[in-house]
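What follows is a set of structures to go through.
Note that subunit A is present in both complexes that follow, paired respectively with subunit B and with subunit C.
== the complex of A and B ==
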């Protein structure tokens, strides 16, 4: 009887572990991107064959309302700003004193000619809000035991129709991600190259994005400095400030 | 005449004093001033083959230095200046006198004249309830890429590869009304006989659509202008402007409307188009009753692209087409190879029929 009880407990415990479902994994992944505010400096290396072009920027963001402001600081784009408020994005070009609204479908365009789209760069919605998830396997990736997740878009507002993710079991870091169109065509591959522990979070500070539709082209996005949850003035995220 | 000149001098003196105040405030911001710019080299061959004359092949070249100075991260005040200083060669040099406008300063004439175009020089003061700017600046009212009947203050230079806009000498007060809404009040300066405009514009974003309404008055031509503009997304990006003009002298109403769309396929092919209808009235050197602008771009990779830009105006049959290949050849260095075809009746021998050239831009 004791033996039976032990077996029952083992079975219950293992069932409990196995029962972590996709939604729980997504929620734990979302915790790795949960902050009130972010201030960072970053560089974007656009690599085609052996050629490298570097863009640098300062990023400020508030998670409430999905608000962010990006100021480009490299010579050719100096003073160009992006303002994102929810799903709306505007670009300010200082030489033309022009504010251009980026329409829904154009959000898929590469940011400053890179492989990172505006949607990729500014995505802040919780994955669990936009995707249905299924655990489709387990696989080691770069020495980390990973869940293999398949995410399918709940609606048309999701940036990609399908996403396949390699999510580390211990720290819930999505080390690799493949992004697909509705036709089944693979559009992009994203790889986390480096993470940094900030408080209880594991923040991806170096990410590589490969656009499979473009030959020999990839972009490496590196966060060089980062400060989370510092107080930010809400008036930064307004049309008035964008035009200044 | 004398009174008018004195009046103009008083206006200029007032502008100088107020701009100097803004400049001191802007320059003393903690972050200071930042300067950057570019060097641009253009060399092209012009083909001319007008009826009744022998065809000719001419050389045209421009070296241009663009300098920008602006306050870094302005909090309470800002100054910004942008100047193009350029030296022209060959056929361009011969055309300097016919192409230089009243805001272009010819510093030296000769076989390779040096010119300067001060496109921006303004000061801004940021008050809790409004942003006040004074001086030469670009005022961009339209939503279109090229064909915007609402753009009264700063017009697009159609002959420039990147369609630069000119600056206007104005004072502007911008009143914010929430995150994405506001009212802009703008007026030009009454100097000499040149026309100037005063305007009021309200703008906001509704359900993801940028919407604005503007009313303007051109003082010397005694013309009232009212219009609305919008830009948003419905499968493709959509843009529109509807403008009506009333001239108090001729007591005539005129109507202009622009509709545009843009779309991208797999982030490789980009397509944009605009159609502008202008009711007969004020003549324009290029635009006519029906105007169509089409832009096609193929992105080869993150560093290279090919694009075709065309503008056609009917019934005058004016047309301008540019095929260009752009390559970010080095960090901060962009090269453009271009072919242009001009069919603009109002310009006669001033422009070539065909042009093939190369442009190199170095940013610093």
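== the complex of A and C ==
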């Protein structure tokens, strides 16, 4: 009887683990990335060879409508603002008192010469919407037991054709991610260096992005303070406010 | 009249040094003018020829939607049917080629660094009929095989790659998905257009369809026209063919090389205005020189004027005599100037003037379409105008002081020292 009970428990445990399929993991990961609003201050270190350029910024965002406003606060770019409304981005240059619209294409390029694109930094799409997922293995990463996930683009409009992720089994944090082109070439590697628990979420507050097409080039994005789901005035995300 | 002309001719031969110096001053002024004028016109035409033959073609056809967003090089708003345009223009002897092109933005990487580029997907079988890039090619042109690339020489140097080497091209597909792949460098462009050398890569449509998910997207059709010696004829041809295109295809927008080069032509206009001022100053200096030379000769000959007047020559004949001397000196000087100016223009029209050697490394080189070897242009109206100018200046320079001399009392003129 004891033996039967043990077998039952083993079976239950096994089927329980198997029940967590790739889509389930993605959904849980998406929960770690899902918020209604965000207010944060952040630092971006662009490291090319031995040179380090630091950009600091204040970020406000609403997930509804994919709206965000970034105000740069470092001396070199002080007063420069980015306003993203859906797929459109406007940049305000205080010295010229002028606004320039950045096209959809440019959103995919490195922000301020970094390895992080505007889209990488500001995207709010759910991974499960754009990718099919398969669990392709298990691996420990930095002492954390991880699922190895392979995401393949559902359609042609996914930002990357393939993504391979090391997702911690317990907290569903994607500690490492490799981003691939359609040709199979690795384009970027993203590593989460630090996470912070905010409510029920594990938010990556320090992320390193490496562009594999450029040797000795990486960007470290650090969120220094963050507040999620606080009420935000919608008038912040207007062209009028951009010029203010 | 005949006697006066004979006296004038004898005076010219008598005062050889003075006559020669006056004629030389006129000749130098005219030579400089013709040289400068030929070069400036040559620069304008050379710049326009480069735009037509290397980067833009005579007319570029795009959709209106693309035209309004062209700065972003969007991979959308394609031309549905390039063959329909080809069919519409077939039979027009001015049209010598039409080729599809699709431009895109991207980066080239050697895994050490990346360099931003403007990529162009081309049809190798028709592109060479419109663009003369093969003339500036090291290696081979695209054959249509997959993953071949042609890039500008400056790009190749920056990335340390040469013909036969491999380079990674990164770009966004038509669906804004990132893609990167390795390409074999089959050719390196060393054109007279710094923009092409610095930032342009060419790949074939066969490759681009796969790499950029183009699915046959063609964003522009480039139309080549027969080269006309006279730029005005070329402009007229382009205008007429453009009208035929936009009348037949109301959804399309056609831009001629003149419209495309508006900024350059504004610059050229400014440059010409500056050139005209410069040349006016040059001619003024030449005029003052001539005037001064003739004035000196008139004052040296006041006693002679007194003698002629004492023999009964009226003041009007004195003036006529000096005017005739001026005409002859002017004709000799002007002809000499036309000859020298013509020789220089001929030499520069045939041999050319290497502009890129002057500022190939300059940052301004990328902004100005003055590339390669500029060939001087003949400007026949300028030759005619300069001949008239030379004679006129010589006559005026002789008559004005002669009038004063003729007005002096005969006794005073005879006593003049």
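One rule holds in what follows: the second predicted complex is superposed on the first by the 231 of 244 C-alpha atoms of A that agree within 3 Å, B and C clash if a C-alpha of one lies under 4 Å from a C-alpha of the other, contacts with A are read in each partner's own complex, and residues count from 1 in each chain.
Here is the rule we go by: contacts are C-beta pairs under 8 Å (C-beta built on N, C-alpha and C of every residue); 3 or more make two chains touch, one makes a residue touch a chain.
Everything numeric here is computed off the predicted structure, so don't read it as measured data.
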item	value
Overlay on subunit A: subunit C relative to subunit B, clash or fit	clash
Partner chain(s) touched by A:43 [first = subunit B, second = subunit C, both, neither]	neither
First (subunit B), second (subunit C), both or neither touched by A:156	second
When both partners are placed on the shared chain, which of subunit B and subunit C touches more of subunit A	B
Which superposed partner A:214 touches (first subunit B, second subunit C, both, neither)	both
First (subunit B), second (subunit C), both or neither touched by A:206	neither
Which of subunit B and subunit C A:108 touches, first, second, both or neither	both
First (subunit B), second (subunit C), both or neither touched by A:27	neither
Touching partner for A:79 - first (subunit B), second (subunit C), both, neither	first
Residues on subunit A lying within both footprints (that of subunit B and that of subunit C)	103-106, 108, 211, 213-215
Of all residues in subunit B, those that touch subunit A in their complex	34, 36, 38, 68, 70, 74, 78, 80, 82, 119-120, 124, 126, 131, 137-140, 143, 154, 164-165, 174, 176, 178-182, 203, 205, 208, 210, 231-233, 235-238, 262-264, 266-268, 270, 299, 301-303, 328, 331-332, 334, 363-364
Parts of subunit C lying in touch with subunit A, wherever the complex brings them together	69, 71-74, 105, 107, 109, 111-114, 168, 170, 172-182, 211, 213
Subunit C contact footprint on subunit A (complex, rising order)	103-106, 108, 153, 155-161, 179, 181-183, 185, 187, 211-215
List of subunit A residues in touch with subunit B within their complex	46-48, 51-54, 74-76, 78-79, 85, 87-88, 94-99, 101, 103-106, 108-110, 113-115, 117, 211, 213-217, 219, 237-240, 243-244
